[in-house]
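Quick one: the structure is below, questions incoming.
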Amino acid sequence: MRFTYYRTIRLSDTDAAGVIYFAQLLSICHEAYEASLETVSIDLRTFFDNSSTAIPIVHGSLDFLRPIFCGDRLAIHLFSRQLQENEFEIDYSIYSRSCRAECLAKAKTRHVCIDPIARRRTSLPESMVRWLALEPPLPENR
Amino acid sequence: MRFTYYRTIRLSDTDAAGVIYFAQLLSICHEAYEASLETVSIDLRTFFDNSSTAIPIVHGSLDFLRPIFCGDRLAIHLFSRQLQENEFEIDYSIYSRSCRAECLAKAKTRHVCIDPIARRRTSLPESMVRWLALEPPLPENR
Amino acid sequence: MRFTYYRTIRLSDTDAAGVIYFAQLLSICHEAYEASLETVSIDLRTFFDNSSTAIPIVHGSLDFLRPIFCGDRLAIHLFSRQLQENEFEIDYSIYSRSCRAECLAKAKTRHVCIDPIARRRTSLPESMVRWLALEPPLPENR
Amino acid sequence: MRFTYYRTIRLSDTDAAGVIYFAQLLSICHEAYEASLETVSIDLRTFFDNSSTAIPIVHGSLDFLRPIFCGDRLAIHLFSRQLQENEFEIDYSIYSRSCRAECLAKAKTRHVCIDPIARRRTSLPESMVRWLALEPPLPENR
(Lines give C-alpha, C1' and ligand atoms only; values in the text may rest on other atoms or scores of the structure.)
Protein backbone atom coordinates (compact mmCIF):
# COMPACT_ATOMS: atom_id res chain seq x y z
CA MET A 1 0.00 0.00 0.00
CA ARG A 2 1.12 3.51 -0.85
CA PHE A 3 -0.75 6.40 0.67
CA THR A 4 -0.23 10.05 1.59
CA TYR A 5 -1.79 11.59 4.69
CA TYR A 6 -1.96 15.34 5.27
CA ARG A 7 -1.78 16.68 8.80
CA THR A 8 -1.25 20.06 10.45
CA ILE A 9 0.72 20.07 13.71
CA ARG A 10 -1.53 21.18 16.57
CA LEU A 11 -0.65 22.75 19.94
CA SER A 12 -1.38 19.44 21.68
CA ASP A 13 1.32 17.78 19.51
CA THR A 14 4.00 20.13 20.87
CA ASP A 15 5.85 20.49 24.17
CA ALA A 16 7.52 23.24 26.19
CA ALA A 17 10.70 22.86 24.09
CA GLY A 18 8.67 24.60 21.35
CA VAL A 19 8.63 21.71 18.87
CA ILE A 20 6.66 18.50 18.33
CA TYR A 21 6.86 16.08 21.30
CA PHE A 22 9.01 13.29 19.81
CA ALA A 23 6.74 10.31 20.57
CA GLN A 24 3.78 12.20 19.09
CA LEU A 25 5.23 11.74 15.61
CA LEU A 26 4.76 7.96 15.88
CA SER A 27 1.14 8.63 16.84
CA ILE A 28 0.69 10.83 13.74
CA CYS A 29 2.18 8.03 11.60
CA HIS A 30 -0.43 5.68 13.10
CA GLU A 31 -3.14 8.15 12.04
CA ALA A 32 -1.78 7.79 8.47
CA TYR A 33 -2.07 4.00 8.82
CA GLU A 34 -5.68 4.33 10.03
CA ALA A 35 -6.59 6.72 7.20
CA SER A 36 -5.11 4.27 4.68
CA LEU A 37 -7.22 1.44 6.16
CA GLU A 38 -10.33 3.58 5.69
CA THR A 39 -9.61 3.90 1.95
CA VAL A 40 -10.31 0.16 1.60
CA SER A 41 -13.45 0.40 3.76
CA ILE A 42 -12.01 -1.26 6.85
CA ASP A 43 -14.18 -0.29 9.83
CA LEU A 44 -11.76 1.06 12.44
CA ARG A 45 -14.00 0.42 15.44
CA THR A 46 -14.25 -3.33 14.86
CA PHE A 47 -10.72 -3.55 13.40
CA PHE A 48 -9.14 -2.36 16.67
CA ASP A 49 -11.45 -4.10 19.16
CA ASN A 50 -9.43 -7.29 18.68
CA SER A 51 -12.31 -9.72 19.00
CA SER A 52 -11.37 -12.11 16.16
CA THR A 53 -7.80 -11.18 15.22
CA ALA A 54 -5.44 -8.60 16.72
CA ILE A 55 -2.60 -6.94 14.82
CA PRO A 56 -0.44 -5.32 17.52
CA ILE A 57 2.68 -3.30 16.78
CA VAL A 58 5.77 -5.22 17.91
CA HIS A 59 8.38 -2.68 16.83
CA GLY A 60 8.51 1.04 16.11
CA SER A 61 11.31 3.48 15.34
CA LEU A 62 11.66 7.11 14.32
CA ASP A 63 14.43 9.44 13.17
CA PHE A 64 14.23 13.22 13.31
CA LEU A 65 16.10 15.15 10.63
CA ARG A 66 14.69 18.65 11.22
CA PRO A 67 12.57 20.32 13.93
CA ILE A 68 8.78 20.34 13.45
CA PHE A 69 6.73 23.27 14.82
CA CYS A 70 3.11 24.10 15.72
CA GLY A 71 1.16 24.94 12.56
CA ASP A 72 3.52 23.02 10.26
CA ARG A 73 1.60 21.34 7.44
CA LEU A 74 2.98 17.86 6.88
CA ALA A 75 2.63 15.20 4.21
CA ILE A 76 3.19 11.69 5.60
CA HIS A 77 4.02 9.19 2.85
CA LEU A 78 3.22 5.63 3.93
CA PHE A 79 4.51 2.49 2.23
CA SER A 80 3.57 -0.93 3.62
CA ARG A 81 4.79 -4.37 2.60
CA GLN A 82 4.09 -7.92 3.76
CA LEU A 83 7.06 -9.70 5.37
CA GLN A 84 5.40 -13.02 6.20
CA GLU A 85 1.88 -14.43 6.10
CA ASN A 86 1.37 -13.02 9.61
CA GLU A 87 3.59 -9.93 9.56
CA PHE A 88 3.99 -6.60 7.74
CA GLU A 89 6.03 -3.44 7.99
CA ILE A 90 5.20 0.20 7.26
CA ASP A 91 7.71 2.91 6.31
CA TYR A 92 6.76 6.53 6.82
CA SER A 93 8.52 9.54 5.31
CA ILE A 94 7.45 12.88 6.75
CA TYR A 95 7.76 15.95 4.52
CA SER A 96 6.80 19.59 4.82
CA ARG A 97 3.99 20.52 2.41
CA SER A 98 5.52 23.97 1.85
CA CYS A 99 9.01 22.65 1.08
CA ARG A 100 8.70 19.24 -0.54
CA ALA A 101 12.41 18.69 -1.05
CA GLU A 102 12.93 18.57 2.70
CA CYS A 103 12.45 15.29 4.54
CA LEU A 104 11.70 16.16 8.19
CA ALA A 105 11.62 12.68 9.70
CA LYS A 106 11.33 8.98 9.00
CA ALA A 107 9.55 6.25 10.94
CA LYS A 108 8.80 2.55 10.80
CA THR A 109 6.31 0.19 12.46
CA ARG A 110 6.16 -3.63 12.34
CA HIS A 111 2.85 -5.38 12.91
CA VAL A 112 2.14 -9.03 13.71
CA CYS A 113 -1.21 -10.79 13.38
CA ILE A 114 -2.22 -12.89 16.38
CA ASP A 115 -5.15 -14.84 17.72
CA PRO A 116 -6.07 -12.60 20.71
CA ILE A 117 -7.22 -15.53 22.89
CA ALA A 118 -4.36 -17.98 22.31
CA ARG A 119 -1.89 -15.10 21.76
CA ARG A 120 -0.30 -17.11 18.95
CA ARG A 121 0.53 -15.91 15.43
CA THR A 122 -2.14 -16.43 12.79
CA SER A 123 -2.46 -15.48 9.10
CA LEU A 124 -3.40 -11.92 8.22
CA PRO A 125 -7.10 -11.53 7.36
CA GLU A 126 -8.07 -11.29 3.69
CA SER A 127 -8.84 -7.55 3.98
CA MET A 128 -5.29 -6.80 5.16
CA VAL A 129 -3.68 -8.86 2.39
CA ARG A 130 -5.71 -6.80 -0.08
CA TRP A 131 -4.72 -3.55 1.66
CA LEU A 132 -1.04 -4.57 1.50
CA ALA A 133 -1.21 -5.33 -2.23
CA LEU A 134 -2.92 -2.07 -3.12
CA GLU A 135 -1.17 0.54 -5.24
CA PRO A 136 -2.91 3.87 -5.76
CA PRO A 137 -4.40 4.32 -9.25
CA LEU A 138 -2.56 7.61 -9.83
CA PRO A 139 0.51 9.32 -8.36
CA GLU A 140 -0.31 11.58 -5.41
CA ASN A 141 -0.16 15.18 -6.49
CA ARG A 142 -2.63 17.38 -4.83
CA MET B 1 -16.56 33.55 14.51
CA ARG B 2 -18.50 30.58 13.23
CA PHE B 3 -16.55 27.63 11.89
CA THR B 4 -16.94 23.90 11.31
CA TYR B 5 -14.04 21.49 11.75
CA TYR B 6 -14.12 17.90 10.49
CA ARG B 7 -12.24 15.23 12.40
CA THR B 8 -12.15 11.43 12.44
CA ILE B 9 -11.61 9.78 15.83
CA ARG B 10 -8.25 7.97 15.87
CA LEU B 11 -7.08 5.06 18.00
CA SER B 12 -4.91 7.42 20.05
CA ASP B 13 -8.07 9.38 20.99
CA THR B 14 -9.64 6.29 22.60
CA ASP B 15 -9.02 4.35 25.81
CA ALA B 16 -9.45 0.79 27.07
CA ALA B 17 -13.14 1.49 27.84
CA GLY B 18 -13.59 1.35 24.04
CA VAL B 19 -14.66 4.98 23.55
CA ILE B 20 -12.99 8.39 23.28
CA TYR B 21 -10.92 9.32 26.34
CA PHE B 22 -13.07 12.10 27.85
CA ALA B 23 -10.39 14.83 28.15
CA GLN B 24 -9.35 14.19 24.54
CA LEU B 25 -12.57 15.81 23.34
CA LEU B 26 -11.45 19.16 24.77
CA SER B 27 -8.21 18.72 22.85
CA ILE B 28 -10.15 18.09 19.61
CA CYS B 29 -12.18 21.24 20.29
CA HIS B 30 -8.89 23.15 20.62
CA GLU B 31 -7.87 21.79 17.19
CA ALA B 32 -11.07 23.35 15.81
CA TYR B 33 -10.05 26.67 17.43
CA GLU B 34 -6.60 26.43 15.82
CA ALA B 35 -8.04 25.58 12.40
CA SER B 36 -10.39 28.59 12.65
CA LEU B 37 -7.41 30.86 13.47
CA GLU B 38 -5.67 29.61 10.34
CA THR B 39 -8.60 30.73 8.18
CA VAL B 40 -7.72 34.36 9.05
CA SER B 41 -4.00 33.74 8.40
CA ILE B 42 -2.90 33.75 12.03
CA ASP B 43 0.48 31.99 12.24
CA LEU B 44 0.04 29.34 14.94
CA ARG B 45 3.75 29.03 15.79
CA THR B 46 4.15 32.68 16.78
CA PHE B 47 0.56 32.92 18.13
CA PHE B 48 1.23 30.28 20.79
CA ASP B 49 4.82 31.18 21.72
CA ASN B 50 3.46 33.94 23.96
CA SER B 51 6.24 36.44 23.37
CA SER B 52 4.12 39.61 23.04
CA THR B 53 0.65 38.60 24.27
CA ALA B 54 -0.60 35.30 25.68
CA ILE B 55 -4.21 34.13 25.55
CA PRO B 56 -4.42 31.24 28.02
CA ILE B 57 -7.58 29.25 28.66
CA VAL B 58 -8.93 30.03 32.13
CA HIS B 59 -11.99 27.79 32.02
CA GLY B 60 -13.11 24.72 30.11
CA SER B 61 -16.10 22.41 30.35
CA LEU B 62 -17.58 19.50 28.41
CA ASP B 63 -20.77 17.45 28.43
CA PHE B 64 -21.11 14.03 26.85
CA LEU B 65 -24.50 13.11 25.47
CA ARG B 66 -23.61 9.93 23.53
CA PRO B 67 -20.57 7.64 23.31
CA ILE B 68 -17.96 8.40 20.60
CA PHE B 69 -16.00 5.52 19.02
CA CYS B 70 -12.80 4.97 17.01
CA GLY B 71 -13.40 5.80 13.35
CA ASP B 72 -16.37 8.11 14.09
CA ARG B 73 -16.39 11.07 11.72
CA LEU B 74 -17.27 14.22 13.64
CA ALA B 75 -18.27 17.76 12.73
CA ILE B 76 -17.30 20.26 15.44
CA HIS B 77 -19.26 23.51 15.16
CA LEU B 78 -17.43 26.38 16.83
CA PHE B 79 -18.99 29.69 17.80
CA SER B 80 -16.87 32.36 19.54
CA ARG B 81 -17.91 35.68 21.03
CA GLN B 82 -16.11 38.51 22.81
CA LEU B 83 -17.09 38.99 26.47
CA GLN B 84 -14.79 41.90 27.34
CA GLU B 85 -11.95 43.74 25.62
CA ASN B 86 -9.58 41.11 27.05
CA GLU B 87 -11.79 38.02 27.17
CA PHE B 88 -13.73 35.71 24.85
CA GLU B 89 -15.62 32.43 24.99
CA ILE B 90 -16.01 29.59 22.51
CA ASP B 91 -18.94 27.18 22.35
CA TYR B 92 -18.44 23.85 20.60
CA SER B 93 -21.20 21.48 19.47
CA ILE B 94 -20.00 18.05 18.39
CA TYR B 95 -22.10 16.17 15.85
CA SER B 96 -21.75 12.91 13.95
CA ARG B 97 -21.28 13.50 10.21
CA SER B 98 -23.31 10.40 9.38
CA CYS B 99 -26.26 11.36 11.60
CA ARG B 100 -26.51 15.14 11.75
CA ALA B 101 -29.58 15.28 13.94
CA GLU B 102 -27.61 13.75 16.80
CA CYS B 103 -25.57 16.04 19.07
CA LEU B 104 -22.86 13.86 20.68
CA ALA B 105 -21.30 16.39 23.04
CA LYS B 106 -20.96 20.05 23.91
CA ALA B 107 -17.95 21.98 25.19
CA LYS B 108 -16.90 25.48 26.14
CA THR B 109 -13.59 27.31 26.65
CA ARG B 110 -12.98 30.83 28.04
CA HIS B 111 -9.80 32.68 27.04
CA VAL B 112 -8.20 35.75 28.62
CA CYS B 113 -5.57 37.99 27.02
CA ILE B 114 -2.61 38.80 29.24
CA ASP B 115 0.77 40.46 29.08
CA PRO B 116 2.99 37.38 29.59
CA ILE B 117 5.69 39.30 31.49
CA ALA B 118 3.52 41.32 33.89
CA ARG B 119 0.86 38.55 33.93
CA ARG B 120 -1.82 41.27 33.86
CA ARG B 121 -4.84 41.46 31.57
CA THR B 122 -4.38 43.43 28.35
CA SER B 123 -6.60 44.13 25.32
CA LEU B 124 -6.99 41.43 22.69
CA PRO B 125 -4.77 42.01 19.64
CA GLU B 126 -6.37 43.43 16.49
CA SER B 127 -6.17 40.08 14.68
CA MET B 128 -8.25 38.37 17.38
CA VAL B 129 -10.89 41.11 17.40
CA ARG B 130 -11.22 40.58 13.64
CA TRP B 131 -11.37 36.79 14.10
CA LEU B 132 -14.12 37.20 16.72
CA ALA B 133 -16.21 39.42 14.45
CA LEU B 134 -15.97 37.13 11.44
CA GLU B 135 -19.03 35.38 10.05
CA PRO B 136 -18.50 32.82 7.29
CA PRO B 137 -19.56 34.04 3.81
CA LEU B 138 -21.82 31.02 3.23
CA PRO B 139 -23.53 28.41 5.39
CA GLU B 140 -21.39 25.31 5.95
CA ASN B 141 -22.66 22.50 3.81
CA ARG B 142 -20.04 20.17 2.57
CA MET C 1 -13.77 9.59 49.41
CA ARG C 2 -10.95 11.99 50.22
CA PHE C 3 -7.57 11.34 48.67
CA THR C 4 -4.39 13.19 47.72
CA TYR C 5 -2.40 12.30 44.61
CA TYR C 6 1.13 13.55 44.00
CA ARG C 7 2.27 14.18 40.45
CA THR C 8 5.20 15.94 38.77
CA ILE C 9 4.44 17.74 35.48
CA ARG C 10 6.30 16.03 32.63
CA LEU C 11 7.41 17.42 29.26
CA SER C 12 4.61 15.47 27.54
CA ASP C 13 2.07 17.35 29.71
CA THR C 14 3.21 20.71 28.31
CA ASP C 15 2.82 22.53 25.00
CA ALA C 16 4.72 25.10 22.94
CA ALA C 17 3.19 27.91 25.02
CA GLY C 18 5.58 26.72 27.76
CA VAL C 19 2.93 25.61 30.26
CA ILE C 20 0.71 22.59 30.85
CA TYR C 21 -1.62 21.83 27.91
CA PHE C 22 -5.00 22.78 29.40
CA ALA C 23 -6.91 19.54 28.69
CA GLN C 24 -4.03 17.53 30.16
CA LEU C 25 -4.99 18.75 33.64
CA LEU C 26 -8.31 16.87 33.41
CA SER C 27 -6.32 13.77 32.48
CA ILE C 28 -4.10 14.21 35.56
CA CYS C 29 -7.24 14.56 37.70
CA HIS C 30 -8.45 11.24 36.24
CA GLU C 31 -5.12 9.68 37.31
CA ALA C 32 -5.93 10.83 40.85
CA TYR C 33 -9.35 9.12 40.55
CA GLU C 34 -7.68 5.89 39.36
CA ALA C 35 -5.11 5.99 42.18
CA SER C 36 -7.92 6.46 44.72
CA LEU C 37 -9.75 3.41 43.29
CA GLU C 38 -6.58 1.36 43.76
CA THR C 39 -6.52 2.18 47.48
CA VAL C 40 -9.72 0.13 47.90
CA SER C 41 -8.33 -2.72 45.76
CA ILE C 42 -10.43 -2.05 42.67
CA ASP C 43 -8.73 -3.72 39.68
CA LEU C 44 -8.42 -0.99 37.05
CA ARG C 45 -8.18 -3.34 34.06
CA THR C 46 -11.56 -4.99 34.70
CA PHE C 47 -13.08 -1.77 36.13
CA PHE C 48 -12.60 0.09 32.84
CA ASP C 49 -13.37 -2.72 30.38
CA ASN C 50 -17.09 -2.07 30.89
CA SER C 51 -18.24 -5.66 30.62
CA SER C 52 -20.79 -5.68 33.48
CA THR C 53 -21.27 -2.00 34.38
CA ALA C 54 -19.78 1.14 32.83
CA ILE C 55 -19.30 4.43 34.69
CA PRO C 56 -18.64 7.01 31.96
CA ILE C 57 -17.94 10.67 32.66
CA VAL C 58 -20.90 12.78 31.52
CA HIS C 59 -19.53 16.18 32.56
CA GLY C 60 -16.14 17.72 33.23
CA SER C 61 -14.94 21.23 33.96
CA LEU C 62 -11.71 22.94 34.95
CA ASP C 63 -10.59 26.40 36.05
CA PHE C 64 -7.02 27.64 35.88
CA LEU C 65 -5.91 30.13 38.52
CA ARG C 66 -2.15 30.16 37.91
CA PRO C 67 0.19 28.81 35.20
CA ILE C 68 1.65 25.30 35.69
CA PHE C 69 5.13 24.49 34.32
CA CYS C 70 7.25 21.46 33.43
CA GLY C 71 8.79 19.99 36.58
CA ASP C 72 6.15 21.48 38.90
CA ARG C 73 5.34 19.08 41.72
CA LEU C 74 1.59 19.05 42.32
CA ALA C 75 -0.72 17.76 45.03
CA ILE C 76 -4.19 16.94 43.67
CA HIS C 77 -6.80 16.78 46.44
CA LEU C 78 -9.79 14.69 45.41
CA PHE C 79 -13.18 14.70 47.13
CA SER C 80 -16.00 12.53 45.79
CA ARG C 81 -19.64 12.35 46.82
CA GLN C 82 -22.67 10.36 45.72
CA LEU C 83 -25.46 12.43 44.11
CA GLN C 84 -27.91 9.63 43.32
CA GLU C 85 -27.88 5.83 43.46
CA ASN C 86 -26.39 5.85 39.94
CA GLU C 87 -24.37 9.09 39.94
CA PHE C 88 -21.44 10.72 41.72
CA GLU C 89 -19.27 13.81 41.42
CA ILE C 90 -15.60 14.43 42.12
CA ASP C 91 -14.04 17.79 43.03
CA TYR C 92 -10.32 18.27 42.47
CA SER C 93 -8.19 21.06 43.95
CA ILE C 94 -4.70 21.31 42.49
CA TYR C 95 -1.97 22.78 44.68
CA SER C 96 1.77 23.28 44.35
CA ARG C 97 3.69 21.06 46.78
CA SER C 98 6.31 23.78 47.29
CA CYS C 99 3.76 26.51 48.05
CA ARG C 100 0.75 24.96 49.71
CA ALA C 101 -1.17 28.17 50.21
CA GLU C 102 -1.49 28.60 46.46
CA CYS C 103 -4.36 26.87 44.64
CA LEU C 104 -3.30 26.48 40.98
CA ALA C 105 -6.48 25.07 39.51
CA LYS C 106 -9.81 23.40 40.25
CA ALA C 107 -11.66 20.71 38.33
CA LYS C 108 -14.82 18.61 38.53
CA THR C 109 -16.06 15.40 36.91
CA ARG C 110 -19.53 13.81 37.07
CA HIS C 111 -19.92 10.07 36.55
CA VAL C 112 -23.04 8.02 35.79
CA CYS C 113 -23.39 4.25 36.17
CA ILE C 114 -24.97 2.50 33.20
CA ASP C 115 -25.67 -0.96 31.90
CA PRO C 116 -23.27 -1.00 28.90
CA ILE C 117 -25.56 -3.21 26.77
CA ALA C 118 -28.91 -1.51 27.36
CA ARG C 119 -27.17 1.89 27.85
CA ARG C 120 -29.61 2.64 30.68
CA ARG C 121 -28.79 3.93 34.16
CA THR C 122 -28.25 1.29 36.82
CA SER C 123 -27.23 1.39 40.51
CA LEU C 124 -23.57 1.88 41.36
CA PRO C 125 -21.80 -1.39 42.25
CA GLU C 126 -21.17 -2.14 45.93
CA SER C 127 -17.43 -1.46 45.58
CA MET C 128 -18.09 2.10 44.38
CA VAL C 129 -20.58 2.84 47.16
CA ARG C 130 -17.89 1.77 49.62
CA TRP C 131 -15.27 3.89 47.82
CA LEU C 132 -17.61 6.91 47.97
CA ALA C 133 -18.21 6.51 51.70
CA LEU C 134 -14.56 6.14 52.60
CA GLU C 135 -12.79 8.77 54.68
CA PRO C 136 -9.05 8.41 55.16
CA PRO C 137 -8.06 7.27 58.67
CA LEU C 138 -5.72 10.23 59.13
CA PRO C 139 -5.29 13.65 57.51
CA GLU C 140 -2.84 13.61 54.59
CA ASN C 141 0.41 15.16 55.65
CA ARG C 142 3.43 13.71 54.03
CA MET D 1 23.45 6.84 34.69
CA ARG D 2 21.45 3.93 36.01
CA PHE D 3 18.00 4.63 37.37
CA THR D 4 14.69 2.86 37.98
CA TYR D 5 11.36 4.62 37.54
CA TYR D 6 8.08 3.21 38.84
CA ARG D 7 4.88 3.91 36.94
CA THR D 8 1.33 2.57 36.94
CA ILE D 9 -0.42 2.40 33.55
CA ARG D 10 -3.37 4.82 33.52
CA LEU D 11 -6.54 4.79 31.41
CA SER D 12 -5.18 7.67 29.31
CA ASP D 13 -2.18 5.48 28.39
CA THR D 14 -4.45 2.85 26.81
CA ASP D 15 -6.51 2.64 23.62
CA ALA D 16 -9.63 0.87 22.40
CA ALA D 17 -7.60 -2.27 21.66
CA GLY D 18 -7.54 -2.69 25.47
CA VAL D 19 -3.76 -2.31 25.92
CA ILE D 20 -1.23 0.53 26.15
CA TYR D 21 -1.19 2.76 23.04
CA PHE D 22 2.20 1.82 21.53
CA ALA D 23 3.70 5.32 21.18
CA GLN D 24 2.75 6.08 24.78
CA LEU D 25 5.47 3.73 26.00
CA LEU D 26 8.15 6.02 24.53
CA SER D 27 6.52 8.87 26.43
CA ILE D 28 6.69 6.88 29.69
CA CYS D 29 10.39 6.18 28.99
CA HIS D 30 10.89 9.94 28.64
CA GLU D 31 9.27 10.40 32.06
CA ALA D 32 11.94 8.04 33.43
CA TYR D 33 14.61 10.22 31.79
CA GLU D 34 13.09 13.35 33.37
CA ALA D 35 12.88 11.72 36.81
CA SER D 36 16.54 10.69 36.54
CA LEU D 37 17.52 14.30 35.69
CA GLU D 38 15.70 15.47 38.83
CA THR D 39 17.86 13.20 40.99
CA VAL D 40 20.89 15.37 40.09
CA SER D 41 18.93 18.58 40.70
CA ILE D 42 18.48 19.57 37.08
CA ASP D 43 15.58 22.03 36.86
CA LEU D 44 13.26 20.60 34.18
CA ARG D 45 11.56 23.89 33.31
CA THR D 46 14.81 25.64 32.29
CA PHE D 47 16.36 22.41 30.96
CA PHE D 48 13.65 22.00 28.33
CA ASP D 49 13.12 25.65 27.38
CA ASN D 50 16.17 25.42 25.11
CA SER D 51 17.43 28.96 25.68
CA SER D 52 21.17 28.17 25.98
CA THR D 53 21.54 24.58 24.76
CA ALA D 54 18.97 22.16 23.39
CA ILE D 55 19.26 18.38 23.57
CA PRO D 56 16.64 17.07 21.12
CA ILE D 57 15.98 13.37 20.52
CA VAL D 58 17.20 12.40 17.04
CA HIS D 59 16.28 8.70 17.20
CA GLY D 60 13.88 6.53 19.14
CA SER D 61 12.87 2.88 18.95
CA LEU D 62 10.75 0.44 20.92
CA ASP D 63 10.06 -3.29 20.95
CA PHE D 64 7.04 -4.89 22.56
CA LEU D 65 7.47 -8.37 24.00
CA ARG D 66 4.21 -8.73 25.94
CA PRO D 67 0.94 -6.77 26.17
CA ILE D 68 0.67 -4.05 28.85
CA PHE D 69 -2.72 -3.29 30.44
CA CYS D 70 -4.42 -0.53 32.43
CA GLY D 71 -3.41 -0.74 36.09
CA ASP D 72 -0.16 -2.61 35.35
CA ARG D 73 2.61 -1.50 37.71
CA LEU D 74 5.85 -1.14 35.75
CA ALA D 75 9.50 -0.72 36.62
CA ILE D 76 11.44 1.11 33.89
CA HIS D 77 15.18 0.53 34.15
CA LEU D 78 17.15 3.30 32.43
CA PHE D 79 20.80 3.10 31.45
CA SER D 80 22.43 6.05 29.68
CA ARG D 81 25.90 6.34 28.17
CA GLN D 82 27.83 9.06 26.35
CA LEU D 83 28.63 8.29 22.69
CA GLN D 84 30.44 11.51 21.78
CA GLU D 85 31.08 14.85 23.44
CA ASN D 86 27.73 16.04 22.02
CA GLU D 87 25.71 12.82 21.96
CA PHE D 88 24.32 10.17 24.31
CA GLU D 89 22.02 7.18 24.21
CA ILE D 90 19.54 5.77 26.72
CA ASP D 91 18.42 2.14 26.94
CA TYR D 92 15.16 1.36 28.70
CA SER D 93 14.01 -2.08 29.87
CA ILE D 94 10.40 -2.25 30.98
CA TYR D 95 9.46 -4.89 33.55
CA SER D 96 6.33 -5.77 35.49
CA ARG D 97 6.73 -5.06 39.23
CA SER D 98 4.64 -8.11 40.09
CA CYS D 99 6.62 -10.49 37.88
CA ARG D 100 10.21 -9.30 37.72
CA ALA D 101 11.50 -12.10 35.52
CA GLU D 102 9.31 -10.90 32.66
CA CYS D 103 10.63 -8.19 30.35
CA LEU D 104 7.59 -6.50 28.75
CA ALA D 105 9.32 -4.13 26.35
CA LYS D 106 12.57 -2.43 25.44
CA ALA D 107 13.21 1.06 24.12
CA LYS D 108 16.04 3.35 23.13
CA THR D 109 16.48 7.10 22.59
CA ARG D 110 19.49 8.98 21.17
CA HIS D 111 20.02 12.63 22.12
CA VAL D 112 22.24 15.26 20.49
CA CYS D 113 23.33 18.54 22.07
CA ILE D 114 22.95 21.58 19.81
CA ASP D 115 23.20 25.34 19.93
CA PRO D 116 19.50 26.24 19.46
CA ILE D 117 20.24 29.44 17.50
CA ALA D 118 22.92 28.17 15.10
CA ARG D 119 21.36 24.64 15.12
CA ARG D 120 24.89 23.19 15.16
CA ARG D 121 26.24 20.49 17.48
CA THR D 122 27.91 21.70 20.66
CA SER D 123 29.42 19.95 23.70
CA LEU D 124 27.08 18.60 26.36
CA PRO D 125 26.79 20.90 29.39
CA GLU D 126 28.76 19.99 32.52
CA SER D 127 25.58 18.93 34.36
CA MET D 128 24.76 16.33 31.70
CA VAL D 129 28.29 14.91 31.67
CA ARG D 130 27.96 14.45 35.44
CA TRP D 131 24.51 12.87 35.03
CA LEU D 132 25.90 10.45 32.42
CA ALA D 133 28.78 9.38 34.68
CA LEU D 134 26.57 8.78 37.70
CA GLU D 135 26.11 5.30 39.13
CA PRO D 136 23.60 4.85 41.94
CA PRO D 137 25.23 4.32 45.37
CA LEU D 138 23.28 1.10 46.00
CA PRO D 139 21.42 -1.41 43.85
CA GLU D 140 17.73 -0.56 43.43
CA ASN D 141 15.64 -2.77 45.62
CA ARG D 142 12.51 -1.25 46.87
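Read from first to last, the chains carry the letters A, B, C and D; within each, the first residue is number 1.
FYI, a residue touches a chain if its C-beta (ideal position, glycine included) is under 8 Å from a C-beta of that chain, and two chains touch if they have at least 3 such contacts.
Protein identities per chain, from UniProt: A, B, C, D = 1,4-dihydroxy-2-naphthoyl-CoA hydrolase.
In this text the structure is predicted, and so the values were computed from the model without any measurement.
Considering every other chain in turn, the ones in contact with both subunit A and subunit D prove to be B, C. Each of C-D and A-C has its own count of C-beta contacts, and the greater count is at C-D. Look at the CA centroids: the one farthest from the centroid of subunit D belongs to B.
Chain geometry summary: the mean Cα position of subunit C and that of subunit D are 26 Å apart.
Between the Cα centres of subunit B and subunit C there is a gap of 24 Å. As a whole-number value, the distance joining the C-alpha centres of subunit A and subunit C reads 33 Å. Those residues of subunit D in touch with two or more other chains are numbered 11-12, 14-19, 21, 23, 27, 30, 45, 48-49, 69-70.
Within the complex, the subunit B residues that touch subunit A are 8, 10-12, 14, 18, 27, 30-31, 34-35, 38, 43-45, 47-49, 69-72.
Of all the residues in subunit C, the ones that touch subunit B in their complex are 15-19, 21-24, 26-27, 30, 45, 48-50, 54, 56-64, 67, 109, 119.
By the touch rule above, subunit C contacts subunit A in their complex via residues 11-12, 14-19, 21, 23, 69-70.
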